[in-house]
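Below, subunit A partners subunit B and then partners subunit C, in two separate complexes.
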Partner chain A sequence: MPEMLFEVRDLVTRFRTEAGEIHPSRHVSFHLAEGEVLGLVGESGSGKSVTARASVRLQQPEGATIGGALLFRGQDLRKLDAAALRALRARQIAMVVQDPAAALNPVMTIGRQLTRIHRLHGGTEAAAREAALGLLRRMRIAEPEARMAAYPHQLSGGMRQRVLIALALICRPALLIADEPTTALDVTVEAEILALLDELRRELGMAMLMISHNLSVIGRICDRVAVMYAGRIMEEGPTAALLAAPAHPYTRALLASVPRGSKADGPLPAIPGEPPDLARLPAGCPFQSRCPGAAPDCTQDQPLRPIAPGRRAACWRAAA
Partner chain B sequence: MTAPLLALQGVSKHYAAKPSLLGRLLPNQPVVRAVQQVTLDIAPGEILGLVGESGSGKSTLGRVALHLEPPTEGQVLFQGRPPAEDLAGFRRRAQMVFQDPQSSLNRSLTIERILDSPLSVHRYGPAAARRARIVELLELVGLRADMMRRYPHELSGGQRQRVGIARALAIEPAFLVLDEPTSALDVSIQAQVVNLLVELQQRLSLTYLFISHDLRLVRWLCDRIAVMYLGRIVEVGPAAQLWEAPAHPYTRALLAAVTAETLAPPEAAGEVPSPIRPPPGCAFHPRCPAAGPRCAAEAPRALAQPLGAMVACHLHDGGVG
Partner chain C sequence: MASFLLGRAATLALVLFGASVLIFLVVRALPGDPAIAMMTSNATPEEIQAMREALGLHLPLWVQYGSWVSGALVGDLGRSFTYSTGVSRMILDRFPVTLHISLAALVIAMAIAIPAGVLAAKHKGGLIDHLARVIAMIGISMPVFWQGLLSILLFAVILRWLPPGGYEPLSAGIGVSTAHILLPAVALGTAYAATITRMLRASMLDVLGREHIAVARAHGVPESTIIWTDAFRNALIPTLTAAGFSFGYLLAGAVLTEVIFNLPGMGRLLYESILARDYPLVQGLVLLNVTVFVLINFSMDALYALLDPRIRR
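The block that comes next holds the complex of A and B.
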């Protein structure tokens, strides 16, 4: 059994909006073993990004996190002071976001951005340059010396995402938070970046929390997956088993709505209605108004409960 | 074979690339070849899918098809006639649905005003008739009539796209260009909108040019698929045939990426080159696993295949050697 790296217990976040108070994460719990890849999948507004960012205290404002324990190798991130948190994040936790154009410094060359981080960690200029070049090569970036002198806007989207991943991995973190890292990319480029990310992750023994709305991406790269809806984890389990036999009605409906075959086979099984307004959630299961199997007892809270080894679901009737 | 509703004949669209200060002083300014010599027919009642990645020129081709941009060369024929001959008539018959209803709907107008606008412009009738039409349109796209008093920001993404579709249908067109109409939507909402598009197409005998980067969705929805790469159509075929047996290496790479269940390395290496300096010969050759010397030297011809299919690849035209 690999050792526990990161455990989030009962995370609650809160924002005040014009429409009222909303809770993008409502008692969310998940864990990652060393070297493990967990996917956090959900549609827009499910709370997956806020949950991931808040889990490593990157969500602004920080006061949005109002409950929960964030245990990184047993140490609660919520109890660290700013300096200790910064030190831990600098060495152990890195993040890759969807839009590398926004995450890279537009007025600094790629080389400077890469060597700067290495230098911050106390390396010499020459060693930093060697390490940066090595990483660019590992990311299969052609002509790495020339790329070092380039500015982010001179690179394609796929190139920028490779640089961003190189930046994230330069300190060999134990945990990478990857928030829709390939969503802005074309599918033929996406496949290559995913394969690279997985290769480097294995090499570094790094754990990864992968946030995505794309079930195909999750299916390819994650060991386990947690499905979020309206701030809650609805279902969790090993990726292959969960995708092959989803237990929660929401997961089943989500998977069914992906186009397969052709329109000659009949209409796509769409999920009726819309996701609920987070400011006006019903009591109990947030999926009840769209669920084909909804019953009177769905207005009561349904905690995640074990349904099979390694699998949990938040539905009275869920069965694996 | 019925006469095509819309015919693109040797259509190209070139733009001047945004020149640098120095570039403006020099001759031979760089040109973006967004669309290169595209010939394509769309039959009445057909749903033709146009698939490509970013920079393929698929959106530009959609705009040229609607005469929102005049082609640099070649011609567009709608029911056998150039749109410019009767532009007002063409605009009544051919309409567009945009990707992002958030930005394509005027946020300061109510849904009623948004839907009234095409009706007023095309002189649909007096106010009462227009209002009745608006109610009818909302019902047609599955929205309640009281939605007409709302503003776009009060609607969900799926509802806004239904309004975008209603607006395009307001003056009873025969032909719609739909440019990534569901790519801003979640997959569960996408399914609702796509089902609606099928229902409308059958009920109103519409013809669609459906532009998307999503090969899986296009395969589900469309009768035929045209695949675009760097401004050119590289393959056309009946949807099932193209999905089951893609003929062009680029289509194969796209299909492999879409259907991948493992982290296998992709069939197409590297990234899409710039349309300002497309590679010589076949534009796909630097990424193509099957490329040979001929591919770098000579642009492949568009080879007609049975069943209205086409492929532009030397593999199917004497080899790559």
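The block that comes next holds the complex of A and C.
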């Protein structure tokens, strides 16, 4: 059994919006062992991105974490002050985001953006340059020396995403938050970058929290998957088992709406109805209004419960 | 970079040519005849005609324009109708005064606006933000002449710390010169500071919400570096446009300040020359204003290119 790296218990976040207060994460719990890859999957608006960022205390000023414990190697991140938290960044916890065009500073050269992170955490200029060049080479960027002097707008989208990954990995973190890292890329580039990311992750022995709305991306590189809906984890388990035999009606609906690559299958079944308004959630299961198997007891809260070894689901009728 | 600046310079020349035509025509479209304005009310039509000929106003427009522009190209803007001195000479005497106040106002404005705008954005919704907003609103709403009068009353009349008006060039000694320039520069500079503060605050907030800021934070970049290195340089780009334009207005339009503080600058000269229908003087002053405006824009573009690598190419 590999050692526990990161454990999130009962995370509750709050956002103030014009429609009122919403809770993008409602008692979310998950854990990652050293070197493990956990996929956090869900539709847009399910709260997965806010949850992931809040779990490592990176949230927008409008948001706040109002409950839960965030245990990184046994230390609660919520109890750390700003300086202690900053010392963990990049060296222990790093992040890759979706839009590489917006995620790099447009007025700073690639080289400076990479090396300053290394130097910030105690490297010399020469060591930082060495590390940056090495990573750019590892990310299969041609002419890394020339790229170091380039500005983000001079690179293609795929290239920028590689730079962004290099930025996150430059201090060899133990945990990478990957927030839809390939969503902005086209399919061939996506496959290439996913493969590279996975390769580097294995090399560094790094754990990864992979946020995606794309089940095929999740299926390719995650050890375990947690499915989020309306701020809650609905189901969680080993990737292969969960994708082969989803236990929660929402997971089943989500899987049914994934294209399988053949037109003969006919139109894709979409999930009927709309995702619930986070400002006005029903009591009990948030999926009840769209669930084909809804019953009166669905208005009663059903927390995640074990349904098989390593698998949990939040449904009265879920069974593996 | 060089080709970018060359392109801008070509545009600049074109703008100046267009502006010169426009200035020339508009001045002549003003109601009132300068020949009449210069003579006593009992002048005969013959005398008026003689005066028109003496001023060259009887010539076809294009001839008048040609001689004005060819003179302007070598720095000769003609003779003032009312002062019968060279317009270039008069402007050269006045321009340093206006430039001096405007630059002093610019320095004061920046010294206020940069920290105020950045801090207001950093503490959005906090005490500093509200304070900066209220002060900026007052700065924008209070007319420059009113603020000028109040400051004269307080610092010159009641406290007697500073002279109430007049101008002393830097050659008269830094202390004396600064004492004279301080009140008008503050009056002008604070109004200007208010505009830039609001602009800078808005663009700082925009930049601070961008993903590259979140990424920098996620990798442990300290907050002061985030504000001053990551955000400020990006926020400066749109702010410069506003600042550049305002500086153009500052140079061109310090009329009220110059009148109140009794400063022999260009604003006052322009005001007087329009009243006198002094065509060459009006033309010369407006042409200079346009040139300054265009040059400021040009330097803003050059600064942009320096700040924003996406514009260079």
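Observations on the structure shown:
Going forward, the second predicted complex is superposed on the first by the 309 of 320 C-alpha atoms of A that agree within 3 Å, B and C clash if a C-alpha of one lies under 4 Å from a C-alpha of the other, contacts with A are read in each partner's own complex, and residues count from 1 in each chain.
One rule holds in what follows: a contact is a pair of C-beta atoms (placed from the backbone, for glycine too) under 8 Å apart; a residue touches a chain by one contact, two chains touch by 3 or more.
All values reported here derive from a predicted model rather than from experimental measurement.
Once the two complexes are laid over each other on the shared chain, residue contacts for A:M159 go to subunit B alone; subunit C is not touched.
Touch criterion not met for A:P309: it reaches neither subunit B nor subunit C. In the superposed model, A:A103 makes contact with subunit C only, not with subunit B.
Touch criterion met: A:A90 reaches subunit C, while subunit B stays clear of it.
In the superposition on chain A, contact of A:I221 is made with subunit B only, not with subunit C.
In the superposed model, A:P296 lies in contact with neither subunit B nor subunit C.
By the touch criterion stated above, A:G122 is placed in contact with neither subunit B nor subunit C.
For subunit A in complex with subunit B, the residues that touch the partner chain are 43-44, 142, 156-159, 186-192, 194-195, 198, 213, 215-216, 219-221, 253-254, 257-263, 267-272, 274-275.
Contacts from subunit B toward subunit A in the complex involve residues 53-54, 156-159, 186-192, 194-195, 198, 213, 215-217, 219-221, 239-240, 253-254, 256-258, 260-272, 287. On the subunit A side of its complex with subunit C, the touching residues are 53, 56, 58, 60-61, 82, 86-91, 93-95, 97, 99, 102-108, 116-117, 120-121, 151, 153-154, 164, 167-168, 171, 177. Across the complex, subunit A is touched by residues 124, 209-212, 214-223, 230, 233-234, 237, 307-310 of subunit C.
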